[in-house]
Amino acid sequence: MTKGRLEAFSDGVLAVIITIMVLELKVPEESNWESLKPLIPKFLAYIFSFIYIGIYWNNHHHLFQTVKKVNGNILWANLHLLFWLSLTPAATEWIGETHFAKNPVSVYGIVLIMCAVAYTILENLIIKNEGEDSTLKAAIHSKFKEYISIVFYILGFATSFFYPYIAIGLYYVVALIWLIPDKRIEKSLKEN
Amino acid sequence: MTKGRLEAFSDGVLAVIITIMVLELKVPEESNWESLKPLIPKFLAYIFSFIYIGIYWNNHHHLFQTVKKVNGNILWANLHLLFWLSLTPAATEWIGETHFAKNPVSVYGIVLIMCAVAYTILENLIIKNEGEDSTLKAAIHSKFKEYISIVFYILGFATSFFYPYIAIGLYYVVALIWLIPDKRIEKSLKEN
Amino acid sequence: MTKGRLEAFSDGVLAVIITIMVLELKVPEESNWESLKPLIPKFLAYIFSFIYIGIYWNNHHHLFQTVKKVNGNILWANLHLLFWLSLTPAATEWIGETHFAKNPVSVYGIVLIMCAVAYTILENLIIKNEGEDSTLKAAIHSKFKEYISIVFYILGFATSFFYPYIAIGLYYVVALIWLIPDKRIEKSLKEN
Amino acid sequence: MTKGRLEAFSDGVLAVIITIMVLELKVPEESNWESLKPLIPKFLAYIFSFIYIGIYWNNHHHLFQTVKKVNGNILWANLHLLFWLSLTPAATEWIGETHFAKNPVSVYGIVLIMCAVAYTILENLIIKNEGEDSTLKAAIHSKFKEYISIVFYILGFATSFFYPYIAIGLYYVVALIWLIPDKRIEKSLKEN
C-alpha cells in the first residue's frame, strides 16, 4: 500500500489542529490596548503550541520520507499519534485560560508525553515494516534524542506540580532538541 | 476519471470532522481537578467517535486502493457517506452532553447505521463499476463482516431505548470487527 | 502552470465549508425528543446546503478534468467562486435560524446566484485559456443548463419576497439539474 | 526532499484560515434587514482578509512553482509565514467588531507587515537553496515590488494611529500590487 493518503490525511488533520487553536484567541469588543491584556497568556500558549505542532509536522514529514510501504498497523499508529496531537488545542486553551496554572501545565505535559510515546511507537512500527535495510533504522540508531526527550518531559511533568513556569521551560528544551528536523534522516537519505 | 480528487476531498472532510469534535471539549475556567469532571463523558464520547472516524478512514483508504476508475454515481455515493459521517460530531456532542442518555444513544446508533448503509452502497457501486474482474469483489465475496455488523447495530439500537450503556457496548463490538482494516482487501491486492 | 494545487486548495476549502456547517447544529442539553424540535429547520437547511456544496464540488471536479493548464486569471476566478461558496454556511444558518423567512431566503438566493455567476466566469476563462481545441468548449457548447439555471434562480429570488418555501423549491430545481455532474463533459472526455 | 507535502500542508492551513473567518459572521436571530446592519463592517473585513489570504495563496503557489528542492530551513520559514497568516482571522474579527478603530487597524497592519517579512525570508531561503541558477532569483531580481510594499505598509501603519480608514486604503494599495501573481515568475518559468 502506498503512503500518499496517510500523508494527505495527516497533513489535513495537522492543518486543522494548528489553525483552530487561533479560534481560542477571542478578540475583545473594545479597541483599547488594555482590553488585549487577557489575551497575552492565551497568545503565548498559542505560539508555544503552534511551534510544537510545527515540530511534529516537520518530523512527521522527515519520518515518512524514509518510508516505502505502509500497512494497517502503521495506519493505526499514525491515527494514535494524531489523537494525542488533537488534544493540544484543548490543553493549550486550558493553560492560556488559567495563566499557566499547575494542573493545566501537568495535563499539557501528559499530552506532550503521550505524543512523544505515540511518535516512538510509529517510528518502531515503520522500522519493523521496512525490515533490515531500513533507512530510518540506520538514521536513528542511537535514539539519543528520544531518550533525552523523555527525561526532560518527566522532569517537566514532575516540576509542573510545584513550578509550572519552570515545567514549561523544560518542555521547551525538548522542543528545541527537535526544532531542527532530524538531520540524521536527511543524512541517511543521501547515503542510501 | 481518476480517483485522486475524490480521495483528497474525502481526506479533507474526514480530517475536519475528526478534528472539530475536539472543539466540544470546552475547558473549564478554573484549574482544579474537580472542574474537569464534567468533561469526562465528553472525552469518552470523543475517544469513541475518534476511533469510529478513524476506522472509516482506514477502510475508505483500503477500499479505494482497489479502485481504478470512478464515475458520477460513485462521487455521489461517497458524498452520501461523508454526509452521515459529518453528523458524528453533533451526535457525539449530544451523548457527551447528556451523559449517554437513551435518546442520544439511539440517535447515535441511527447515524452509525446510516454510515454503514452508505458505506455498503459505495462498495456495491464500486464493484458494479469495476466489472467482473473487480479486486474488491473477490476480496469481500462473503460479506460476512457486513452482515454481522448490521445485526449488532440493530441489536444496539433496540437496546439503546432501555440500557444505553449496553447499546454503546454493542456499537463498540462492530468497531472492533472493523478495527483491523480489511485484510481481505490487502490479501486480494497481493494476489492480483 | 499545473492545476494540482488549485484542485488541492479548492478541495480543502470545500471540505472545510461543507463540514463547518455542522457546527451550527447546536445540540440541546436535554435528552428528550422535544428538545430536538428547534433543530429541524436547521437540519433541513444543512441537508440542502450540503447537497449544494456537493454539487459544486462534483461539477468543479468534472470541470477541471478537462483543464490542461491554468493561469493567474483562472486562479482568481476560482478564488472568486470559493468566496461566494464560503458564504453558504452563514446564509444556511440564517435560513435555519429564522425558519425559512423571506429575507434570509432572498439572501440565500443571492449567494446561489453569485456562485452560479462565478462558476460561469470560471468556465469561460478556462475555455479562453484552452483555446480552440478546448474539450470543455466542445462539451458545453449549448449552455442550455447554464441558461435554464439562471432563469430558475431569478424566479426563485423574485418569489422569495412572497413565498419563501416556493423559492426554496425553485432553487432546488436548479440543484436537480446539476445533480448529475456534466455528462456532457464525461462524453467529451471520452471522445477526445 | 520533495516539496509535495509542504505545498499540501500550506494549502490545508490556508484553506482552513480562509474558511474559518466566515465563522465570525454570526447571523442575527431576526429576519429583518435592520438586523444585518452590524454585520456590514464584519463583512467588509471578511472580504478584505479573504482577498489578502487569496493573494498569499496565489503568490505562494507561484513561488513554489520555481522550487525544485526544500530543506529544513525552508520548512520552518514556511511555518513562520503560516503563523503570521493564521493571526489574520483574529485581527480581522477585531477590526470588524470595532468598526475599523485605530488600535485594531494598527494591529492588523503589524500582522500584514509580519506576513510580508516572513514571505521575504522564505523567498530568500529558497533562492539560497536553489543556488546560482535559481529561476526565482532571475525572476525577482529587482525586488521593486517588495520594497514598494514595505514603504506602503509602514505608511499605512503610521497613518492607522490617526486615520484608520486611510490606513486600510494604504494596505489595500499593497494588495493591488500583488493581486496579479508574479508575472515575473511566469515569464522566468517560460524562459528556463
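Which chain is which? They are A, B, C and D, in the order written, and residues in each are numbered from 1.
In the analysis below, a residue touches a chain if its C-beta (ideal position, glycine included) is under 8 Å from a C-beta of that chain, and two chains touch if they have at least 3 such contacts.
Keep in mind that what you see is a predicted model, and the values were worked out from it rather than measured.
S.K.: Shared numbers divided by all numbers used: is that above or below half for chain C and chain D, i.e. same or different?
M.R.: Here the answer is different, because the shared fraction of interface numbers falls below one half.
S.K.: Rotation angle for the CA superposition of chain B on chain C, to the nearest 5°?
M.R.: About 90 degrees of rotation relates the two copies.
S.K.: Between chain A and chain D, what is the gap in Å from one C-alpha centre to the other?
M.R.: Distance between chain centres: 26 Å.
S.K.: Measure off the straight-line distance from the CA centroid of chain B to the CA centroid of chain D, and report it in whole Å.
M.R.: The computed centroid separation for chain B versus chain D comes out at 37 Å.
S.K.: Using the touch definition from the top, which residues of chain A touch two or more other chains?
M.R.: 8, 12, 15-16, 20, 23
S.K.: Help me check something: in the complex, which residues belonging to chain D touch chain A?
M.R.: Contacts found on chain D: 1, 5-6, 8-9, 12-13, 15-17, 20, 23, 71-72, 75-76, 79, 82-83, 86-87, 89-90, 93-94, 97-98, 101-104.
S.K.: Would you tell me which residues of chain A are touching chain D in their complex?
M.R.: Listed in rising order, the residues are 7-8, 11-12, 14-16, 18-20, 22-23, 25, 27-33, 47, 50, 54, 57-58, 61-62, 64-65, 179-181, 183, 186, 189.
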